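In what follows, chain A forms one complex with chain B and a second complex with chain C.
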Partner chain A sequence: MKIYNHLILTFGVALMLFSCGQQNQSSNGALSSSAAEKVYVAPGEQDEYYAFLSGGYSGNLTVYGLPSGRMFKEIPVFSQFPTSGYGYSEETVPMLNTSHGFVPWDDAHHPDISQTNGELDGRWIFINGNNTPRIARVDLSTFETAEIIEVPNSAGNHSSSFITENTEYVVAGTRFSVPVPQRDMPINEYKGNFKGALTFISVDPEHGHMAIKFQLLMPGFNYDLSHPGRGKSHGWFFFTTYNTEEANSLLEVNASQNDKDFIAAINWKKIEEYVNNGGGTKMPANYAHNVYDEHSHTGTSTMRNEVLTVDPTKVPGAVYFLPTPKSPHGCDVDPTGQYIIGNGKLSADLTVHSFDKMIAAIEGQKFDGEAYGIPILKFEDVLAGQVKSGGLGPLHTEFDGKGNAYTTFFISSEVVKWQLGTWEVIDRKPTYYSVGHLMIPGGNSRKPFGKYVVAMNKITKDRYLPTGPEMEHSAQLYDISGDKMELLYDFPTHGEPHYAAGCPAELLTSNSKKIYRLDENRHPYAVTSADGSKVVRDGNEVHVYMSTIRSHFTPDNIEGIKVGDKVYFHITNHEQDFDVPHGFAILGQNSSELLVMPGQTKTSVWEPKQVGVWPFYCTDFCSALHQEMQGYVRVSPANSNTELKWSLGE
Partner chain B sequence: MKKAGILMILGPLFLLGLYVFPLWNIMLGAPQYPDPLGLNIHINGLRGVSEFDIQNIDGLNHYIGMHTLPKAEEMWEFGTFPMVIGIMVGIGVLIGVLGYLGKVSYKWFLGWFLLMSILGILGMYDFNEWLVDYGTNLDPNAIMKLTNPDGSPMTYKPPLLGHVKMLNFDVTSLPSTGAWLMFMGMMLTLVAAFMGWKSTKNQN
Partner chain C sequence: MKTTIKGMVLFFALILLGCGGKKEEKKEEGFSVQRKKAATEQPVETNTTNEVKASERVDMSTKGVGPIKSVTLAPEIDQALAANGKEVYEQMCLACHRIGKKFIGPPPNGVLERRSPEWVMNMILNPQEMVQQDPLAKDLLQEFNGSPMSNQGLTEDQARAILEYFRTLK
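Then we have the complex of A and B:
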């Protein structure tokens, strides 16, 4: 029987090849039946890995399976999401509050899964909002955004959100240096006056709650990307910089003049100690801290008004600059913590620094001058080696845990596999096209799972059926279990994925919640039994305590609402069965629907503007009687005396 | 007769398992319930195999007009059965002790076995009566009133034993741990009776 299936599969794939071959001559002609088998997850079977791809300008995080490339969920993080009501419902609007008011969008870049002892622990995933600097924490038992903290004194929150190996900190660095504190000043006085804030946000080990521990106010360079030290280099953090020229205009030319920029090596343990001993300066600030409570199903936004800043020159031995050629972009640390890789994006070569050599150079006080009081180490003293790749535009490097590194080359559109220590190139494979980040599950930890690499590309062009000028970006999946990489599969991605994080499926599957418990629902407007449903008027505000269960709303007839009222529909889903949400939408709603999970309560505000009898209904095809799941609200003139009443089945 | 007495003491004690383990189990699987819903029937009440199974079975059954599953206080059986089992265990152990001491003959062992068998059959009969009522006493205003091919109203009695396909559900009803323990215990008393009979015969 197995052989028979195998034959069918081979035959099927052969047919596909035959039918597609003519359309796309440039596709990999070596696509073999074994490649098809490797990505084929049969109906009813499940993927081996989760992959969390940032949504870039979608502001969200998407969840995929590997090797199939199937998308399972889009998790709303920084953007309003009408599908679920995130950012529209009364409970989630506070999640998008900032010091600039309600900001319903961001540019989400670099997800990172929480770690314990340098290995993925699968509790949370963090992601940065680039535009209005924020860091979010997504709970990996609910796959929902649990917390968002705004980062003050930052702008272009790009060298973020990377975590230390016991999730002590999630780190957020600024790409754009700005006046700190912000003030009205001429732009061309940037040089020497702007600062680059590197923010260390502590993570509560039990609840994951974030708090800004300190901000390191660095010289006004652009802090592009970062990664933590691990193993022997645990306690250090490394940031690539560009624009060490401190140009404030036409950066594409003016920030590309220096032959070398820096990787900033930050000994955060030393600064932590300094801060714990009372060091640092408290500075007035204004930033939002938004926390979602899983039991009240409600987000709360609190404004914070102070941040602890640290001047790097005040903490001797805490910060050093490692010269690194050509405006390095990605800053990647190998699983042992020994090698720090600077991906010089305007170069053909990769620069690899040695942690041991860096420590020896620091101990030997071998400096090559200083920048704004921060010692610069000698390039030759810290250099472990250079990878002469022959590619162009190296951006990012990941590791397979078997002594190999994989680097993306944006300009030459390829992934290059090379060996740590010998710096020899082992293999190279094209990507389609202009690859940015790549991701190996666990590739940013002490323990990578070196079976697949996903390359996330910036340009799609002819990879899929055309969909007009705008197309989704494309990802490629490669098998890296052998000596040579093998291209297995193309799949479109949503938004613009920058970085991604992946982990073995079993790390998350058993913790993934199926329902919210109704008996743990502490929403102030929840109805936990159907006979608790009611409608309460308070001036022109009306609160509807409504429950849902297959296949009706309680109540489903409401009278006595008047034009000009502000009607709060608090919907509690009484189902306690996996995957039975109910939706709520009412004609003329000026926001979005609500999609309410079992045991959950969500609130939508409706302000009726016209007299009439207006229907509401369940938007999720919940059951065989879904079409019957509807109700009416009678809206009377503002000055009428229609009695407030509600009912079900009368 | 001493060995027979020991077995006769042990056998009824197996019935104590009924206070912990379910007597019967009914599983309901369907395409949209890959993790089937399950009902465990204990001598003192019904419990879901998973926490919310009873609520979810009731939720589904309301479409076809079935009544909700009874709570423990809604059926006299759930009060009476634990008492009957307790009394029978007590009597059985007492007979075993007396047998061990040579005060009663193996016929008492057999007597206990027969009484327990009759009670068991009566219990099964009663259980089946409830299943019939549960599956056929339907709300006349049910949302879905389905008919068999012959035009008669469709009913939903779960099987007493075995598997039945019921609409989209596969319903499987089987004895559970408590019943198997009871069965083993009763078998032990039968063996005790047999051994008692043999030793009596040898003495003669």
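Then we have the complex of A and C:
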């Protein structure tokens, strides 16, 4: 009854507002026509920005347009994806190989776009797998996962995957500290014995290939998030820590005892020099390095067995701790590289450290004790200012490039805009609800594009029509081009976005591939000419070299397959036109379908268990004769002598 | 001014810690600087005129925010109702509230010597509004690291039974 009253009241108020022709000036600004116009991308027109939102527990990366909030693609990264066959096809199974075997899922958190001179260059986007520590590189010409490297000695790969301003390194820090190397030991001997590995992975400037350059073995804290220095602070990397108490149980209480934890400032250039001069200790380690070749359309997994570790106390002047209140979460660096922001998640205030003051304090040797041999700088000496926000639970900060910062407050569900230097709060707007991260395109670079901010929320509740207990998360888009933020739009996201990266559309559109060239296809089982199709038996393995073009398979009748055979369907799509994929599915397939792009080859294994004549078909509606795009495989008893033959149109 | 004093206390405490001790502890004991909160230190958002922690403050008159306006307790404890309350408590509350021990939230024993029955029931039934509007509940949220009390969706009868169970706790 109460609910009905409430509804009636709401409708009544809404009707009054509409009938009077007023614009709703409340926080629900999306009702105003100007907000609608700002997010309306007319049919046939395109968005201004790309936004890449991590999928969290979906393991993948989603691509959106801004300001429309339309989702364009889900890029499979760490999770099997039956939509395309990623992680099911023979070519992509190796991409999910790890030292723990095939791991078909991960928790994908923090995408970051490659940079040159501190500005987005749009070549690649990196993203971390949190659970079984991995870093992936996605190629932004194909929007496909091109490489995945496992990170040994890490656990809960959370302060990742952030890149330095010339993409020299993609950095991966551990959330959980663990025994390094891993060994059998009592959990309650954690304190003083576990280590936190911060891994610097070099990125080949031409191909983007990743290799672990060194791992810094830090004290056993939790390393929560990180960001690179830029401009004057280029060469440094900053990591927030919590659980400096080194608790191993009930962290909810026990990791909140210290009034201040630290931001770890790492002079990676100094460590790089130390390593290049032969410093560091090689340690046996077991980790997978998986690379996808765009021309053979095939991933290969290589196991590595050694990693170079660095003891931070052996490199004087390379690592310092900056005391930072209240279990800081986000660690953000402003576009000039001067300010390092610690978002103390259990606090109301934001702590801003000054890079210049940090350098002065280091030069003045003004230390406030040490932790495991790492000097602690005095809080007052490095502090640039504090933002007295009045909000609760600051998590993340982004920048608009005009001297303003925008911070999410989880507990008080709001975005707060404040000014760098004066630390004054300029504006605040509610989010719906419990906002985690926020993103301004280019916000983690020297050159942000300060037109929109996207707030990604953890709790949806009543924002959309109910869909049972589980709901997609909500995102809100704000116009930040004026002094005050304006809420424009509300759209659902997929999985749980933990972070996002965005860039102007034109940075990517001209490089985005439309097809794979058939004459560049170097897949060993590709059929590159119309008459190249064949079926080859090798013991109980049968390889079907099959091609597709609108609207038939070659061959489409296959006989001589026997129960117990392992049949490899290698499907090459002979189309060379934009957006004409073909699919392949066969009855009883124990994996997923394949979706094969023009010029590409993909392989699915089928192990028929029953005698019969079994159909296969194209799963993508490719033409008016799509429903005719089908074929049959005759499966005979295991001991039969049915002749192996294949045909089309006979 | 208060902040300055706090800062100075922390500063001197650090000097003491930094000078003393001589790092005689074994490596297994952790690193040398321990940044414990001073016992008297109040979180930033709390009402700074209150020196006593919210969990230790006594306020028998506040009824809190929520559906419960008035509760009358009989002189004798209703043991059947208390037993019922214990059952609900163990299913719905024990994850965060342990008897005789500060856990995720405060312990329930003794709460009726600090809070009115109405406040206790409103906290159980309406925790979201309580931590936004009730000054004591707001401060408790701060004192307990911003860990919000969950709304467990209990009925008024269940909350009443839990209240009766709390009367049996010493």
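Definition applied: the second predicted complex is superposed on the first by the 621 of 650 C-alpha atoms of A that agree within 3 Å, B and C clash if a C-alpha of one lies under 4 Å from a C-alpha of the other, contacts with A are read in each partner's own complex, and residues count from 1 in each chain.
The rule is short, and it goes like this: a residue touches a chain if its C-beta (ideal position, glycine included) is under 8 Å from a C-beta of that chain, and two chains touch if they have at least 3 such contacts.
Since the structure is predicted, the reported quantities are computational estimates derived from the model, not experimental observations.
**Student:** Given the alignment on chain A, is it a clash or a fit between chain B and chain C?
**Tutor:** Aligned on chain A, chain C fits beside chain B.
**Student:** Between chain B and chain C, whom does A:S256 touch in the aligned arrangement: first, second, both, or neither?
**Tutor:** A:S256: touches chain C, not chain B.
**Student:** Quick one: classify A:D577 as touching chain B (first), chain C (second), both or neither.
**Tutor:** Only chain B is touched by A:D577; chain C is not.
**Student:** A:R550 in the overlay: touching chain B, chain C, both, or neither? Say first, second, both or neither.
**Tutor:** first
**Student:** Once the shared chain is lined up, is A:L625 touching chain B (first), chain C (second), both, or neither of them?
**Tutor:** It touches chain B, and chain C stays clear.
**Student:** Looking at chain A, does chain C or chain B touch more of its residues?
**Tutor:** Partner touching more chain A residues in the overlay: C.
**Student:** Using the superposition on chain A described above, determine whether A:G393 touches chain B (first), chain C (second), both, or neither.
**Tutor:** Once the two structures are laid over each other on A, A:G393 reaches chain C alone.
**Student:** With the two complexes overlaid on chain A, check the angle at chain A between chain B and chain C, Cα centres, nearest 10°.
**Tutor:** Once the structures are overlaid on A, chain A sees chain B and chain C at 150 degrees.
**Student:** Classify the contacts of A:T336 with the two partner chains as first (chain B alone), second (chain C alone), both, or neither.
**Tutor:** Neither chain B nor chain C is touched by A:T336.
**Student:** Once the two structures sit on chain A together, report how near the CA atoms of chain B get to those of chain C, whole Å.
**Tutor:** The answer for the closest chain B-chain C C-alpha pair is 53 Å.
**Student:** Contact residues on chain B for chain A in the complex?
**Tutor:** 35, 51-52, 55-56, 59, 63, 143-144
**Student:** Can you list the chain A residues touching chain B in their complex?
**Tutor:** 515, 549-550, 575-578, 624-625
**Student:** Flag every residue of chain A that touches chain C in the complex, lowest number first.
**Tutor:** Within the complex, chain A touches chain C at residues 189, 191-193, 219, 244-246, 250, 252-253, 256-260, 323, 345-349, 368-372, 376, 380, 392-393, 411.
**Student:** Touching residues of chain C toward chain A in the complex: what are they?
**Tutor:** For chain C paired with chain A, touching residues are 7, 10, 14, 17-18, 26-37, 41, 44-45, 102-104, 145-148.
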